[in-house]
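When the chains are written out, they are named A, B, C, D and E in that same order, and each has its own residue count from 1.
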Amino acid sequence: MSEVAALPPPESAFGRFARRFIEDRVALIGLGLLVVVILVALLAPWIAPQNPYDLASVDVMDSRQPPGSHAGEGFTMWLGSDGVGRDLLSGILYGLRISLTVGIVSGVLAASLGLMLGLLAAYAGGRTETLIMRVVDLQLALPSVLVALILVALLGKGVDKIILALVVVQWAYYARTVRASALVERRKEYVEAARSLGLSHARTMLRHILPNCLAPVIVIATVQTAHAISLEATLSFLGVGLPQTEPSLGVLIANGFQYMLSGKYWISFFPGLALLVTIVAINLVGDRLRDVLNPRLER
Amino acid sequence: MSELLRLTGISKRFTKSVDLAGRIANVLGAKNVPRVVHAVDDVDLVVSAGEVVGLVGESGCGKSTLGRVIAGIHPPSAGAVFWEGRDINAMDAEAQKAFTLGVQMIFQDPMSSLNPRMRAGEIVGEAPRVHGFTDAQGQRAYVDALFQQVGLDPEYKQRLPHQFSGGQRARIGIARALAVKPRLLVCDESVAALDVSIQAQVLNLFMDLREQLGLAYVFISHDLGVVRHIADRVVIMYLGRVVESGPRAAIFGTPQHPYTRALLENVPRLDARKRRFVTVKGEIPSPLDPPPGCHFHPRCPHAGPRCSREVPVKTAASQGHIVACHLADGGVD
Amino acid sequence: MLAFILRRLMQAVFVVVAMVVLVFFGTYVIGDPVWMMVPGDATIEQVGEVRRTFGFDQPVYVQFLHFLGDVVRGEFGRSYVHGTSAIALILARMPATMELAFAALILAVVIGLPLGLFAGLKPEHPAARAIMAGSILGFSLPTFWVGLMLIMLFSVMLGWLPATGRGPVVSIFGLETSMLSLDGWRHLLLPALNLALLKISLVIRLTRSGTREAALQDYVKFARAKGLSQSRIVGVHILKNILIPIVTVLGLEFGSLVAFSVVTESIFAWPGMGKLLLEAIQRLDRPLIVAYVMVVVLLFVTINLIVDILYSALDPRVRLSESEA
Amino acid sequence: ADLRIALSSEPSAADPHYHNLTPNNQVVRHVFEPLVFMDEFQALKPGLAESWKVIDDLTWEFKLRTGVKFHDGSPFTVDDVIFSLNRVPNVPKSPAPKTAYVRGKTVEKIDDLTFRVKTATPEALMLNHLANIEMMSAKAAAGVSTEDLNAGKGNVGTGPYQFVEFVPGDRFVVKRFDGYWGAKEPWDKVIFKFIKSDPTRVAALLSGDVDLIETVPTADAQRLAKEPKVAIASALSNRLVYLHMDRYRAETPFVKGKDGAAIPNPFHNLKVRQALTKAVNRPAVVERIMEGEAVPASQMLPDSYAGTSKKLKPVEYDLAGAKKLLAEAGYPNGFKLTIHGPNGRYTNDSKIIEAVAQMFTRLGIETAVETLPPAVFFSRASAGGPDKQPEFSMILAGWSAGTGEPSDSLKALLGSYDAKLGRGSANRGRYGNPAMDVVLDKALATVDAEKRAALLAEAAEIAMNDVGLIPIHYQKNTWAAKKGLKVTPRTDEYTLAMSVKP
Amino acid sequence: MAGPVLAVDNLATHFFTRDGVVKSVDGVSFEVKPGEVLGLVGESGSGKSVTGFSILGLIDPPGRIVGGSIQLNGEELVGRSESEMRKVRGKSLAMIFQDPMMTLNPVLRIDTQMIEAVLAHDAVSEKAARARAAEALGMVGIPAPEERLFAYPHQFSGGMRQRVAIAIALLHRPSLIIADEPTTALDVTIQSQILAEVQRICAESGTALVWITHDLAVVAGLADRVAVMYAGRIVEQGGVDDVLDRPCHPYTQGLIGSVPGAHPAGARLHAIPGSTPSLKHLPQGCAFAPRCTRADAACAVAPPITMNQGRAYRCFHPAAQAGASA
């Protein structure tokens, strides 16, 4: 039929998405930064001058050295060293790994959990929904410090534990968001079409509703990932964060906190800067995602 | 023509009950009452094989709800649905599936009725694969055939819904419904969102499919022009109730119910130039709080005291022509 | 309306009960509070004595039953450390925290709203982009870090504002506040700003997206078609619409404001209940933690109620009796 | 003039007998006074009791100072002493009562200013104990509760300052008592503010919010010393930071072979313990972690205190020697170890552990570090294991000798664990050495100061040569004040307005 | 006879989007005389609304009026500043929108929205403004207008809201109202109520009306003259009887042929093949050529306007020349 001519050339969803994404220069910079940060974190063992987690190579005699000093083992500590003699550059590179892992893994887990429960609440309705949403309320009212402290008490410190704590603290946000959008999606006619085509509840929920609830999840995921990273820093500051000897960025900052007034600015400043860059990059990407994924702003 | 679907005494109520907190508040003197919408109220309907039934009425009168009951999406609150003469609640799973697939719905909004994240080919091909109409290898050919049947290039299978025009989306919706080999299509305002020129194409497609596949339709529309064009029988609804039903010629030729007459008068027509618009007075009442007796009486020019007291019963005005009005049933006084 | 409030109360009761049980057993597993009470050089005998005094030697369920008994009697427990009524301790500290949180909210709105409006009305303007980029900083930097930076800059280096504590308080209508004196505000400003930073970013973002969305609505176009001035359209038509999500979200966020006051209060030595909670957690002062949680949950419920009422005042389409849980 | 002091921790009440903790004791000391004072070196001095004498091993006689008045104007008499000593064990719900200080003591009134104390067993620490009991007014404090005292009711002492107000979480305020028996204090009013966060406390001083801060963070001490506006005062404290090793289990959970397999507890081997203590580079810890705010430790208290051994010197850092010892002990390749410790309880605690872990790792012992919030740590370290035994294999902890002499320390930290005798109460390594117990018990029953001191020194030598624990350093207490204030530093960590002169 | 209320000449409004220029309105000319009703019909996306908004100067970036002139009562509107335009809008030139649910601000009371519209142009007291608002509500058939002023939009049904919008448009007795599909979202009975109301008011006040719709039947009943738009251009224009009974342009013919009511029941409709083109990728020459049965090589150039006995069309192969002369 002659309609063919009238149609725009086919473009995959991803292609369209990517095109719209890169239209914004600031977002591109953010994406570039994020890629650099992730690369640097991945390559840390190869580019860091020191293995900051190996207590045999960290020497307390090197502690509190200003940027550019030489370590006992000979290499230059470009960003100086922290209170126990850890090379800050190495500490930041490795810390970035942990922080990103913590942020991303807790984000993914919390998102999955929240997604499932939020979806279920919206789809099932009735008592299931009431129950899930009450637990969400409960979760949102529980101080995160307390949750983390209880979990640390039960399980001990560690990356996995902090991730668990962050998941426990954050899943409810996802559940709330997903439920809200799933409630909207559920009323759309394509869901009725699926029912009328005799497709099962599970299939309708997972194949039809779920993909359409992902956009807001992705958006809050970027914010929550950034938030998780800085929350981990706060928890470390409050003494319930990650282990001392394998510091994340948050631990490095928290440890440097006591030096802030002493003139040894670098101990907390450089990790802070790294955290800032990471979170800004994630948020720039997230902001753009929000715009790109928001159908209402798509003219 | 054999009977395909029969509805008897179908009602659909949406109830919002008073919860515990509300009941406690009532004890304390508040007045929380359950809110009930009689979206569909005691409707009888028969659809024969290959027949087109037009369902007409104004916004909120329960057309879509009735359509959903027919399509098995909503269970009715009261009444029975018979599929090929058998009560669907008394059927085994197999037969029930045959009913579910045998009635398909085509929706008003071509955009929201297509999953925006699925490709056209998938949208059409999912259900037949799940239900075993075709297997993974055969799916391609199966879907291609459907695309051609509704006048779409199979090339478009890889596209997402937003990459289609309104008319094409409507066609995908039709192909999706046809994919499970239905016998009855419920078209809920399926052409209302389309431009006239595209609407004409889709109406033509419906008529072609009817001829080729012997499909029956329940054609929901508020556009009397469209219904007059396509329907064999017409059902007029007002606030959840059927006020008049009958063969097309009877409804358009000798309308009995004052509401039907008002509707017909109010329809703008190409051949009525610079006319003075005469109107039914008043607003459409809220289905939450419908007027007593005959729902139409506050707006009816002929209303009498009986109309606000008694619910009119269905009377046969002629063969197959049924009207629910006191005028046809002993007067309004 | 009545049913609505009742529904809220019932939810609150559920949340409070669940929370109290969770917190009670949660703090039980953290550790034995006796070690945080006795001095380091206490003898075994002394430790045992204190344990007996407080009933820590009994199985946890017995302790819980005792606690429930206390609650039934209207007594929510005495702080292990302070020896006084836990609720009273918290209530005594609550005005300071509320004051901080409200000051932060005010700052968030006063700073965030105009910036967000500007960014939303002129999304392509360089200044708008700068505002948006700057707003990212608001939630990128850990609160404790920013807090100290503020102290360093404004107190130590510039000497403009005091570094710690609350200013002189005045009591009006039984509520203590330091907001009535200049010195009070001087003390309040830094901690409130610290706490508000995150919310300022949030308000900027909400306002911007709300404005962008509202500006595309037909009613704005219709208002222009009526010949209204830009200031009336923005100040009345757009603003009133975007206030709805802002009020809702800020209401919800009030909780996180109170939660994060834990950090701000310890940095600025602000005598609020966040600091009290942190100390209670650190010392495993269970009655205090439980009481805190109870008070905070009730506070949230109240705030949410207020938000809902405000919401219905702002948005006439919403009627309280109908809004679902 | 007013004096504003920032304290690093908050008292839990204004009741002097309620909670026996430094933060409480130091603020109430302005209002209430004990019979016996401890000076800045924790040496005992006449307080409200002017003089005393030992009648026999079980009886002491005290004479009260004349002309002492309570803040309400009433005179201070023996009745007040009896009232106070009786009140101590009867403070309801006290989280840390001072009961132990009065246990077994009966008071006999001779006249208004003279009384005798009888004890059940010889009490060498009579004066030290009395130095911890504040005298309250029998008239004003009769029947008042802790809450009343917090609110100011009956909060009447003999001290140089009068109670004004206590605002939990914020401040504790006292004003000068003009009827004070001793020298007049220079401050009209003293305001204690509670600022827990270290940098904030420093900032408060630098910005002029306060005049004096206690517990100067080690990181800032050197900087503040150079600051022209600020004067620093510091004294060696009675606090020891040390490592305890599991000495009661045959296999200890946090020690594993290099291959991860369970191995017998190596800490039972003296050579291992010696190797460990030799491997700790104390000067490095003091210099690099504590930034000079500590002194390497050799025993329970610095040897300036009575009862310490002058023979014990901090163990020299000797990695090669330590390696040799370890090899001799049968661990040429070392083993795996986890050190546990609190974070945020002692100055730089987690960093010290990390530094020690580095040192042990260099020795060949693969050391991991796990620091826990104090609330978690102490409960597990004291009774977290099976049948309520200590859980960990090696811990870092601190100890301050409130009595100003080492007997308590030796008894609690190194005495063989015996719940009935109250020995080894803080012995979380369950170290036990009968030889030392004998000497210590003898010392505890000896009232004669000199003889006791000799015995205590001997006990310390026995335990330290046996490496019952690994001492690391003694902390320094540092105060920083606005230039112009003269601060007398104290070894007992107390921050008193009486130590500050313009 | 007085001059036209509105004279649009060769109006062109383009949207400069990231992926190309959208020529939404491209050379549109028409006139409206006092008291006259002009029906502007066309399919979705043909540029009807943009034409209306251009007249009010309500085109937002990236859109811009790129050429032509708009004269209201002889005064040029194109090129006026925003503040000058504001004086015209709502005063002598009013507009009603399609979706009555969206045109009133949901969070403001009706009186607020009406009074502000009065005060925007007339310096009267609030009381006087309120009286005028109530009067306008009464005029559009809303019972008990004084009380209804205190209502919020959501308390009104769709038809009532559209009446309120019409009342707001009437507040200053404009010389021209542009109505952009104001009844499309309404039910049949309500639509005819509104149509009747509008008809009466225009007749009484002599207000001219541009009625934008895609429903030929509505135009048939209401309009004096009809303009048919396709792809940003007016392809045919003339008296309502002329255009509907004797369409010249094949597109007009197609439109009429697509209306089901005009056919015997059950017969196939004369649908126009294909669909409306994207305004971004318009073919050279006549935009309708790809869908036109009569198109030939000549159609590769854009047809100019042909004027013929008060009718105008853009086509090289008009159908009803004979009919026009008959």
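In the analysis below, a contact is a pair of C-beta atoms (placed from the backbone, for glycine too) under 8 Å apart; a residue touches a chain by one contact, two chains touch by 3 or more.
Predicted, not measured: the structure shown is a model, and the values here were computed from it.
Visitor: Among all other chains, pick the one whose mean CA position is farthest from the mean CA position of subunit E.
Guide: With centres defined by C-alpha atoms, farthest from subunit E sits D.
Visitor: With contacts counted as defined, which of the two, B-E or A-D, has more C-beta pairs across the interface?
Guide: More C-beta contacts join the chains of B-E.
Visitor: What's the distance between the Cα centroids of subunit B and subunit D, rounded to whole Å?
Guide: Between these chains, centre-to-centre, one finds 85 Å.
Visitor: Express in whole angstrom the distance between the two chain centres, defined as the mean CA positions of subunit A and subunit E.
Guide: Computed value for the inter-centroid distance: 51 Å.
Visitor: Using mean CA coordinates as chain centres, what's the gap between subunit C and subunit D in Å?
Guide: 38
Visitor: Indicate the whole-number Å distance between the mean C-alpha point of subunit D and the mean C-alpha point of subunit E.
Guide: So the centroids are 89 Å from each other.
Visitor: At least two partner chains per residue is the criterion; list those residues in subunit D.
Guide: 199, 203, 206, 373, 375-376 - these are the residues of subunit D that touch more than one other chain.
Visitor: Can you list the residues of subunit B that touch 2 or more other chains?
Guide: Residue numbers touching two or more other chains: 165, 167-168.
Visitor: Enumerate the residues of subunit E that touch no fewer than two other chains.
Guide: If we look for residues of subunit E contacting two or more partner chains, we find 273, 275-276.
Visitor: Considering only the defined contacts, which subunit A positions touch subunit D in the complex?
Guide: For subunit A paired with subunit D, touching residues are 55-56, 58-61, 63-64, 83-85, 149, 152-153, 156-157, 239-240, 243-245, 255, 257-264.
Visitor: Within the complex, which stretch of subunit E touches subunit B?
Guide: Spelled out, the residues of subunit E in touch with subunit B are 43-44, 157-160, 187-193, 195-196, 199, 214-218, 220-224, 240-241, 244, 254-263, 265-273, 275-276.
Visitor: Show which residues of subunit A lie in contact with subunit C when the two form their complex.
Guide: So the residues of subunit A touching subunit C come out as 26, 130, 133-134, 137-138, 140-146, 149-150, 153-154, 223, 226-227, 230, 233-234, 237-238, 250, 253-254, 257, 260-261, 268, 272, 275-276, 279-280, 283-284, 287, 290, 296-297.
Visitor: Would you mind writing out the residues of subunit D in touch with subunit A in their complex?
Guide: My answer: residues 198-199, 202-203, 206, 217, 219-220, 222-223, 281, 284-285, 288-289, 291, 343-344, 348, 350-351, 353-355, 357-359, 361-362, 367-373, 375-376.
Visitor: Would you pull the subunit B residues touching subunit E in the complex into a rising list?
Guide: The contact residues of subunit B facing subunit E are 58-59, 165-168, 195-201, 203-204, 207, 222-226, 228-230, 248, 262-263, 266-280, 283-284.
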